[in-house]
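These are the structures, in structure tokens.
Here come two complexes built around subunit A, the first alongside subunit B, the second alongside subunit C.
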Partner chain A sequence: MTARALKPWLFLLPALTIYLIVIFVPSLYTFYLSFFKWNGVAADKVFVGLDNYADLILHDSVFARALKNNLLWTAGSLILMIGIGLMLALLLNKRIKGRIVFRGIFYFPYVLSGVIVATSWAWMYNPTQGFVNKLLETIGLESWTRAWLAEPETALYAVFVAALWQGVGQPMVLFLAGLQTIPHDPYEAAVLDGAKPYQSFWYITFPLLRETLVIVVATTMIASMKVYDIIYAMTGGGPAESTQVLSSWMYYQTFKFANIGTGSAISFFLVLITMVVIIPYVYYTTKRSHL
Partner chain B sequence: MKKTISALLSLLIAGVMAAGCGSGDNGSSEDGQNGGEKKVAISFWALNTGWEWLEPAVKDFENANPNIDVELTQYEVDPIKEALKVAASSKTLPDMWFTWGGTLGSFYPENGLTMDLTQIAKDHRWSEIYNKAAIDMSTYDGKVSGIPVHLNVLGMWYSKNVYDKLKLQAPKTFAEFESQLAALKNGGVVPLAFGSKGGWHTMRLTEQLIEHFAGPELHDKLNRLEASWNDPAVIKAFEKIQEYTDKGYFPKGYSSLDPTEAESLFYQEQAAMINEGTWFDGNIMENGFDPNNYDVFKFPNDQPPSRASVFAEMFQINGGSSPEKQEAAVKLGEYLTRPEVVNKYIEQYGSPATLNVNISEKTPHLKTLLDSAGDGAFLITDQALPQEVVQKLFEAQDKLAFHEWTPQQAAEAMDEAIAKYKSK
Partner chain C sequence: MEIRQPSWPVQAIRYGVLIVLAVIFLVPIVFIAFTALKSRSDLLTSPFYALPEKFQWGNFAKAWNQGKMGMYMKNTALISVIKVPLGILVEALAAFALTRLNFKWSNAMFAFFLIGMMIPMQATLVPLNIFLNKTHLVSTYPGIILIYIGFGIPFGILILRGFFRTIPKEIDEAALIDGCGDIGKFFRVILPLSMPAIATLVILDFMATWNEFLLAQIFITKDSMRTITTGLLSFRGEHSTDYTLMNAGVLLSIIPILVVYLLFQKYFVSGLTGSVKG
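== the complex of A and B ==
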């Protein structure tokens, strides 16, 4: 290998070394641990093969619920988080009065800590004293009031609304950045050709936002799969485990029950399904774009 | 400019040289010696909220023991559990740490991570210093594994105003308790201010209902996993949880209500009773209310003896630390629990495991609660049962409330969780 060919590897080496030590090796070790029964401390780890995975899939009803919740959360995030983020970005990209202030307002919740957002929203959802039920009562919708976080049918969605409020600023900012890179010429040409606004969006904005969209979809999907803090702080996975997600159940298994093997199996499962979805998506979309 | 830089550099070099020369005169402090004794630094992890007294107490200790440096790190409840488990796995446990008793604290001695304090307890006459129950709850497999710091007793706290308005008095029997629940509900007050996000409030009622229906002997066997939970007594207890939920004896949405939200209903007199412990005078004061407006009774479980739910908290010492560090940690732990220190900080201290301390007037219910455990006590459920089984109990409580499980199904689910735990 020539010195010229070695050069990029030399520059990559520091980052690669850190990546290998901090990410790759621990991930590999987690994968290894997922084949053992171990409490994290005992000298002996008992090899159980695929038992931890089989146990989760066949016998753990909470795991099944958590997986379903993750998929619901991901679907909700991809549709609503990205949809609303894009709408806000399109709106705030126009020359409207106070758009800088509005950008700040919509982005502000994103910089708040998840625990602060969770605490505030938990109080807003308080069944007797909370803002949400009081508002419904005030506008004559008393029959709609309920214990939002305490009913298994509504708890996950109630937490999702709080997460949506907090998180929508991130795709909005990314889309705004993407929108500002689109030149005006195609729009002017489209107007001259008699294109309607929705046609301009569909045939100009959307294709030119593709690269941003790839990033937004990938980051949203990854964030949805590993969602944890807001759920843990608002419901602790309850009521009746109805809001458990894979990350929170992994936390319970690993740190509360000291089932390191099971916790590792959940985390590897999480990595696996994220990779199964993300890698083909990014591969396919980047092939079609300029990334 | 050059001159200024040269002058500054000269000053710096002179300063460094002076410091270097000076070190020869004061070698003991530089190389960790003081008065001929080696300086020891120990790490100590403890709780944060409710432990505001700890930092000044540790400072007092360091002043009294200049050869010991304490690196104190304070955590919230779940973070300390997580940090300890991670540290235990990576062999980086501190020299001393706070933990609860029961299955939460047993993890460390069971895995050989703690110092055996049995001989020290004997030599230092702990039986004369600490409450026996607290020492017992800090003992695993016959080995004393922690310095007892708190002995908490639970009871039913109630608002005197609400009780006076409805002309009620603390109930003496279970039947009286149940009739009061109905009377309070009819009087427009939520009888039980429970916020069971985390499961604790309901669990504290469940365990007393099990004590009532099963009696002490069977209850202890259930907690030791020596008896089946699919037992008529447990099923009756579960039926009561369902019945009380259906009758509206708990706040709306109680299963996901944070305990602090439930507390607020209690202070606003929208709810009458709350199932809390020896620390609760402090909570009342912190929230700006007067503890004298509240009272507490032992849950009337109709059992002879009528046992209270208790739990201990302790400081465990790292079995792998050097003997010097262990000695310093024992010294610190014993200092923080000695009567003079407890008395100095008694208003914030909580419920001490130390005997012969002065109870503050500001915590008027502490003694009543401690005395209430005099007839007997059982270890609180979330420390008595393995954590997987505790989690199943929390799930069962919620599913009973939503009628997703019948009491029979809940009891069967408990048995399944126990069987799974035992098969590990």
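== the complex of A and C ==
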């Protein structure tokens, strides 16, 4: 190789080396481990083929629960997170004074860590001193008070509300940016032609927001399938495993129960699901704007 | 933006909805601040919506010192201050090779780096743990910083490559005529011209490092090295019954983020939209 051909590789070397060490090789090795039974310490790994995957699907009720919770979480995020985010963006795109302040308030929780959000909301939900129950007592709805995070029926939804508080600012900001690229002319033409506001929205705004919508839907789905911090820090997957998701169950299987093979298989489920979302997304975006 | 001034009832409804939502959004922060500033007896006797009888600033000092929140924050600051510039340098060098050196494998290598965005951190933890143990880097700052830099690489290259491509090629020729080598071109031409992208990346990267939880949870096992996220969790575990102190700790951990956010708000918004559009 000539010096000239070698030069780009020299500039790439640090990034490439670290990338290989930290992400690429470990993920391949995890894939390999998912075909073994191993406790992480023993010298021997026992090859079991696809058993880890089969056991998860056929026999592990917590895995099924976790998968269901991830799907619920995804559906909730797609509808509520994106819905509220879009509504806020449309409102803030009007003639509103103090837009920057409102935007700042709605977006701020998004920059907090999942652990901070979890800790804050665990306090909001505190059974005896928390805001939620105190408020219900004060307005005479004492019978509605409950230990929100300690009851399997409510825990997942309670955590989701906290996640909603944290997350709606992101689609809002993306939609706002998308709305600002839409020119005025079509609206003026629509008004002249006597279009109602909802018609303007449906026939002008919505189609022109499609690109933003694709981005928001893809990132929301991926984030929903990977959700971890807020759940681990709020409920740890409990009570009675009712809030387990794939990521948290992977953590327990691997680092608490030392079932390395099972944990690795779960993490490859995550890889697969992510790919199912990302590949069409990348295909779509590269087709429209040549990357 | 609307073309016509809307009627006043429409405007009233809009402001009404926005103000109600803004209040709901502020409730958790205000509630935490109220609790953090009360004394323990005040918390038990006064209504939940009441201001503290007497502001207990001492709660913060207690959380900072006895609760070790100060130590956790210093640890996180140390990691971030090393990780962010080092990571961006590594990413910028790679993005430079991908965009400005007539590199034959440019697109293929870029795609290879992007694969990293598809891989959830979970799929790397066990092998990374083995690697850190073998190299005696487990629970060390170089170990955790190396891993943080690794996970920042795909996103950083995506952003920087995108920006470097917008710098016209004529600049390279001018640099060549002025006698700049490739290293000179990188440090004296491309990096200074890329400051807007780098500034955005610094802010986003800093926040991501500051807020990172999963990797810190697994790879930092010593309490004296914990970062703010895992530190807050252990602080919460130790002070779970002392609500005033616990909320003082939470508020302390919110304050630095709030300051960064208020100072650099435009970077968050612009960086975010720029990043997803690649």
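One rule holds for everything that comes next: the second predicted complex is superposed on the first by the 248 of 291 C-alpha atoms of A that agree within 3 Å, B and C clash if a C-alpha of one lies under 4 Å from a C-alpha of the other, contacts with A are read in each partner's own complex, and residues count from 1 in each chain.
FYI, a contact is a pair of C-beta atoms (placed from the backbone, for glycine too) under 8 Å apart; a residue touches a chain by one contact, two chains touch by 3 or more.
It should be emphasised that the depicted structure is a prediction, and the values quoted were computed from it without experimental measurement.
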**Asked** Looking at the overlay, does A:Y107 come into contact with subunit B only (first), subunit C only (second), both, or neither?
**Response** second
**Prompt:** Is A:A150 contacted by the first partner subunit B, the second partner subunit C, both or neither?
**Reply:** first
**Item:** Contacts of A:Y29 with subunit B and subunit C, given as first, second, both or neither
**Value:** second
**Asked** Is A:G40 contacted by the first partner subunit B, the second partner subunit C, both or neither?
**Response** both
**Request:** Considering only the touch criterion stated at the top, classify A:W123 as touching first (subunit B), second (subunit C), both, or neither.
**Result:** both
**Message:** Just checking: does A:E241 make contact with subunit B only, subunit C only, both, or neither of them? Give me first, second, both or neither.
**Reply:** first
**Prompt:** Looking at the overlay, what does A:A189 touch: subunit B (first), subunit C (second), both, or neither?
**Reply:** neither
**Message:** Under the stated touch criterion, which partner chain does A:F255 make contact with: subunit B (first), subunit C (second), both, or neither?
**Reply:** both
**Item:** Which superposed partner A:Y19 touches (first subunit B, second subunit C, both, neither)
**Value:** second
**Item:** subunit B versus subunit C, judged by how many residues of subunit A each one touches
**Value:** C
**Request:** Starting from the residues of subunit A touching subunit B, keep only those that also touch subunit C in the other complex, and list them.
**Result:** 40, 122-123, 126, 129, 251, 254-255, 260
**Request:** Sort out for me which residues of subunit A touch subunit C in the complex.
**Result:** 5, 7-12, 14-16, 18-19, 21-27, 29-31, 33, 40, 88, 91-96, 102-109, 111-116, 119-124, 126, 129, 131, 134-135, 138, 165, 170, 173-174, 177, 184, 187-188, 191, 215, 219, 226, 228-229, 232-233, 247, 250-251, 254-255, 260, 263-264, 266-268, 270-271, 274-275, 278, 282, 285, 291
**Prompt:** Which residues of subunit B touch subunit A in their complex?
**Reply:** 81-82, 85-86, 88-89, 107, 111, 113, 197-199, 251-258, 261, 264-265, 270, 386-388, 391, 394-395, 398-399, 401-402, 404, 420, 424
**Message:** Per the contact definition, I'd like the list of subunit A residues that touch subunit B in the complex.
**Reply:** 37, 39-42, 59, 62, 122-123, 126-129, 146-152, 155, 235-236, 238-241, 251-252, 254-260
**Residues of subunit C touching subunit A in the complex** = 1-6, 11, 14-15, 17-18, 21-22, 25-29, 31-32, 35, 43, 47-49, 90-91, 93-94, 96-98, 101-106, 109, 113-120, 122-128, 131, 146-147, 149-151, 153-154, 157, 182, 186, 207, 210-214, 218, 228-230, 232-233, 236, 243, 246-247, 250, 253-254, 257-258, 260-262, 265, 268-269, 272-273, 276-278
